[in-house]
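This structure is in structure tokens; I'll ask about it shortly.
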Amino acid sequence: MGRKILDLIRAIIFNRWVLAAIVVLLFLMPSLFYAREWCQELDAFTSPLQDSVCTYLIEEKPVTNAVLLNFTQLFILIILASNWNLTGGFTGYIDFGHAVFFGLGGFATALLMGSSRWEDWPALFSDWSFWPAMLGAGIVAAIFALLIGSFTLRLKGPYFSIAMLGTLVATREIVRASSNISGGGLGLSLPVYLNRPMFYYLSLVMLLFVVNFVRWIRSTEFGSSLVAIREDEVGAEMRGINTTLNKITVFCISAFLTGLVGGMWAYMNTFLDADIAFNQNRTIDMVMMTMLGGLGTVAGPVIGSTILYWLRDVLWANFLLFHQIFEGILLIIIVLFVPEGIMGLLDKDSSGTSLNRIVKGWFKKEPEEHPRTS
Amino acid sequence: MTTEMTSNQKDQSPLLEGRGVSKYFGGLAALHNVDFAIYPGEIMGLIGPNGSGKTTLFDCLSRVQQINTGEIHFKGQEISKKKPFQVAHMGLARTFQVFRVYRKLTVLENMLLSRQWRNESIFRQLRPSHPDTDQRARELLEFLTLDHLTYEQAGNLSGGQQRLLEIGMALMPDPELILLDEAASGVNPVLINTIKDRILHLSNEQGKTFLLIEHNMEFIGDLCSRVFVLNFGEKLAEGTPEDVMTNEDVIEAYFGS
Amino acid sequence: MDFSDLLIQTLINGILIGGLYGVMTLGFSVIWGVMGVINLAHGEFLMLGAYMAWVLNKQQGWEPFLTLLVILPVMFLLGYVIQIVLINRIIEKPHLIALLVTYGLAIVMASTVKLIYTANPRITTTQFSGYWEFDFGGFVLPVTKTLVLIAALLMMFGLYFFLNRTRFGKSIRAAAQNKEAARMVGIEINKVYAATFGICIALTGAAGMLLSPLGSIHPFMGAAWTLKAFAITAMAGLGNIPGALLGGMMLGLVENLLATFVPTVGSSVGIISSFALLVIVLVTRPQGLFGGLKAPQEIR
């Protein structure tokens, strides 16, 4: 019976119509926001319908800046977790310092947009507009990943994890110490741009891109070779896979995407310093959300991030003081009791039946036996 | 040299040749000044008591281990400075004493990943496996009687089936030289015969060259034209299976004096 | 002070702090060596010890060095319990599991301490302060640091004696080398593990006390210390006590030299130098400088 329920959940989640409906709703959501603005500018309501709708929108405020910000943050977390999953989940290199790329992306964007406090900052790399600056952030993060990865990716297992944790901590200290560039304790201020719907759409588009990108990567030979590296790196290399090249490539791709998100986040936040840009908790978030959803699966980070974000928002907002303690405990519980994550639970012994067939089965007297499809 | 080479072999240059190969772990000599030559198309056995350096030799050939002195030539090229994947690209494949299948991937994916990876750019890898590769993988699985397990996770296979899968993965890139490390150990008698058949078939029909480590003397006797004996990292004897099995040094090394 | 005087004084300071680094590392490296668990909450146990010393010092007026009498048994019990409840479940699991569980433990400990004592930096005050001056050359030995070094050396010697000379210590070493064989000859492996964890945590807590009068302590200091412990262990090899002392002194020297002769790096020097050392050692000599570092099991 439990298996049947899990199969139903799995079928609903992976039904393409359900997914499409969710995406369409997410795209339409800010229109309520704009509708309310439009209503507020009206002098008088001309029809009863308009009257009731506008009254509802203005009184109840179903979609506010805060709601859009919440969703934007959720999307950012999903993107980060998906990126982390590329190295941590597929390739098996558990990166405890992935936030370093996020922070570097943020600082790169800030500096390129001209918020440096240093007079000698080259004019060529200053006063860029947001889009090229964000792209620059990704490139900076990717170059840093290439430099640091060519050392740390030689290390195996826990050695890699700790070396990356060290990279994060050391980079944070170096950035903090080089105060004429990073602003030190004062931090950097970016040009203020408070267009929540824009960031909402940008992060939503990036989310769709990243998830589909990861899915596509997994379907290629390159993606399979990453899993082969996770399963047996020595064997993969002896069977002709250039493991060093492949793992550095995926590390740089992951860093590039993380850097982009960092850049966007910095612009949205309008302020950053070393502590918030290189926040260790961000790495923990990536690890925890991916673990909860299912390490090395495409859907895992999406599911894990959504659930964890919802838990945080709804449940732990009431226990603000204890929320970090709760998160530590939750991490331990996830790792000890559901190491395969939610996707692991759903996929284990799954019949892989599609929603279509399950629903059809309900209306038939004798449901057919269906072969495993996936 | 007790070996009676056929005239065919004398004319050819060796496919794989080692000269003065030594490998030390600390002060321990795992291989000491070993010379060997394998000619195209032959099946050669590599035997020796436990700890005599057989697997170390394989590791040196497939470049997981660095050799300390000596030279290894494969197809006329010096390979002792090459990376493992480069040697694999040249046409040298191997199986492992301890299984090295990708446990969480399906049998088919395991096979597809062992295809011939030429030195191609990442961009060439950014697509699903080529239909020809897929075709070849399925044919090989059928050949190895694993086709009913195509979509099973490799980690769920039995020991013997994993052996066969490893052999399939070694055959997948269509290599010229195949190193088999204890291909018959832990395998039930029926499967052993399957493996034996397949090796003979590949050798006779396709002219593949094999070097096998084996403890099963019957297996060696049935397959190999020449046998090479290692003891404490040094070459003890070389010759036909009959010669070697009656060689007193070999008997002493195996059973003590 | 001219250059050579400054250099010698810097070297003295480096060696003095190196003893603390050495003893701080032992808990980490013995746990890793015996149980194969990389304890990412190591720095947090250190922090806990430091906070116990601070509480007893500021609220009860104890001399910090005396608080060791309380810290050692309390931390031993804490370690024993945590091992049985938590660590025992992850010993046989892949490294990732152990890393994440101890990371979670670290978060819980740090945020609990923050909740109770806020994030303000704290420091203990000891009566043994000031400087001992030498007759020759006018170099000074800071009293507190010297006492810390002596205490650290005593603890290291105690552990060394315990592991090599006592029956129980020998069974710990047996368990580290071959778990099955140790079980076969009648060693109760779970008790050995729990006691080992307890001893290591007690030592770590004591090291936390030792650093409490030297520099400020705060709830989130742990990660940096874990990193240092990891760097020293990478240099020294697992469970290698003299190696840990040497590695600790090396790190202490590098840190002090950098802080003295490279301007503007300031307080961040410790983390940067230990990270640099860590990466250099791991990349160039993965087997460790002074001994064998066990190859980690591959993550599965």
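For reference, chains read A, B and C in written order, and residue numbers begin at 1 within each chain.
Just so it is clear, a contact is a pair of C-beta atoms (placed from the backbone, for glycine too) under 8 Å apart; a residue touches a chain by one contact, two chains touch by 3 or more.
The structure displayed is predicted, hence computed values, not measured ones.
In terms of which chains touch, the assembly is arranged as an unbranched chain of neighbours.
The pair with more inter-chain C-beta contacts, choosing from A-C and A-B, is A-C.
With centres defined by CA atoms alone, the chain at the far end from chain C is B.
Centre-to-centre separation between chain B and chain C, using Cα means, comes to 48 Å.
For the pair chain A and chain C, the distance between mean C-alpha positions equals 35 Å.
Averaged C-alpha coordinates give centres for chain A and chain B that are 45 Å from one another.
Contact of a single residue of chain A with at least two other chains is seen at positions 230-232. With touch defined as above, residues shared between interfaces to two or more other chains in chain C number as follows: 300.
Along chain B, residues 103 each make contact with two or more other chains.
On chain B, the positions that touch chain A within their shared complex are 62-64, 83-85, 88-89, 93-94, 96, 100-105, 109, 112-117, 119, 122, 125-129, 151, 169, 173.
Only residues 38, 86, 89-90, 95-97, 99-101, 103-112, 114-115, 223-224, 227, 230-231, 234, 264-266, 268, 271-272, 274-276, 278-279, 282-283, 286, 295-300 of chain C touch chain A when the two sit together in their complex.
Those residues of chain A whose C-beta lies close enough to touch chain C in the complex are 92, 94, 96, 151-152, 154-159, 161-163, 165-167, 169-170, 173-174, 176-177, 230-233, 280, 284, 287, 291, 321-322, 324-325, 327-332, 335-336, 339. By the touch rule above, chain A contacts chain B in their complex via residues 217, 219-222, 224-225, 227-228, 230-232, 234-243, 245-246, 249, 296, 372.
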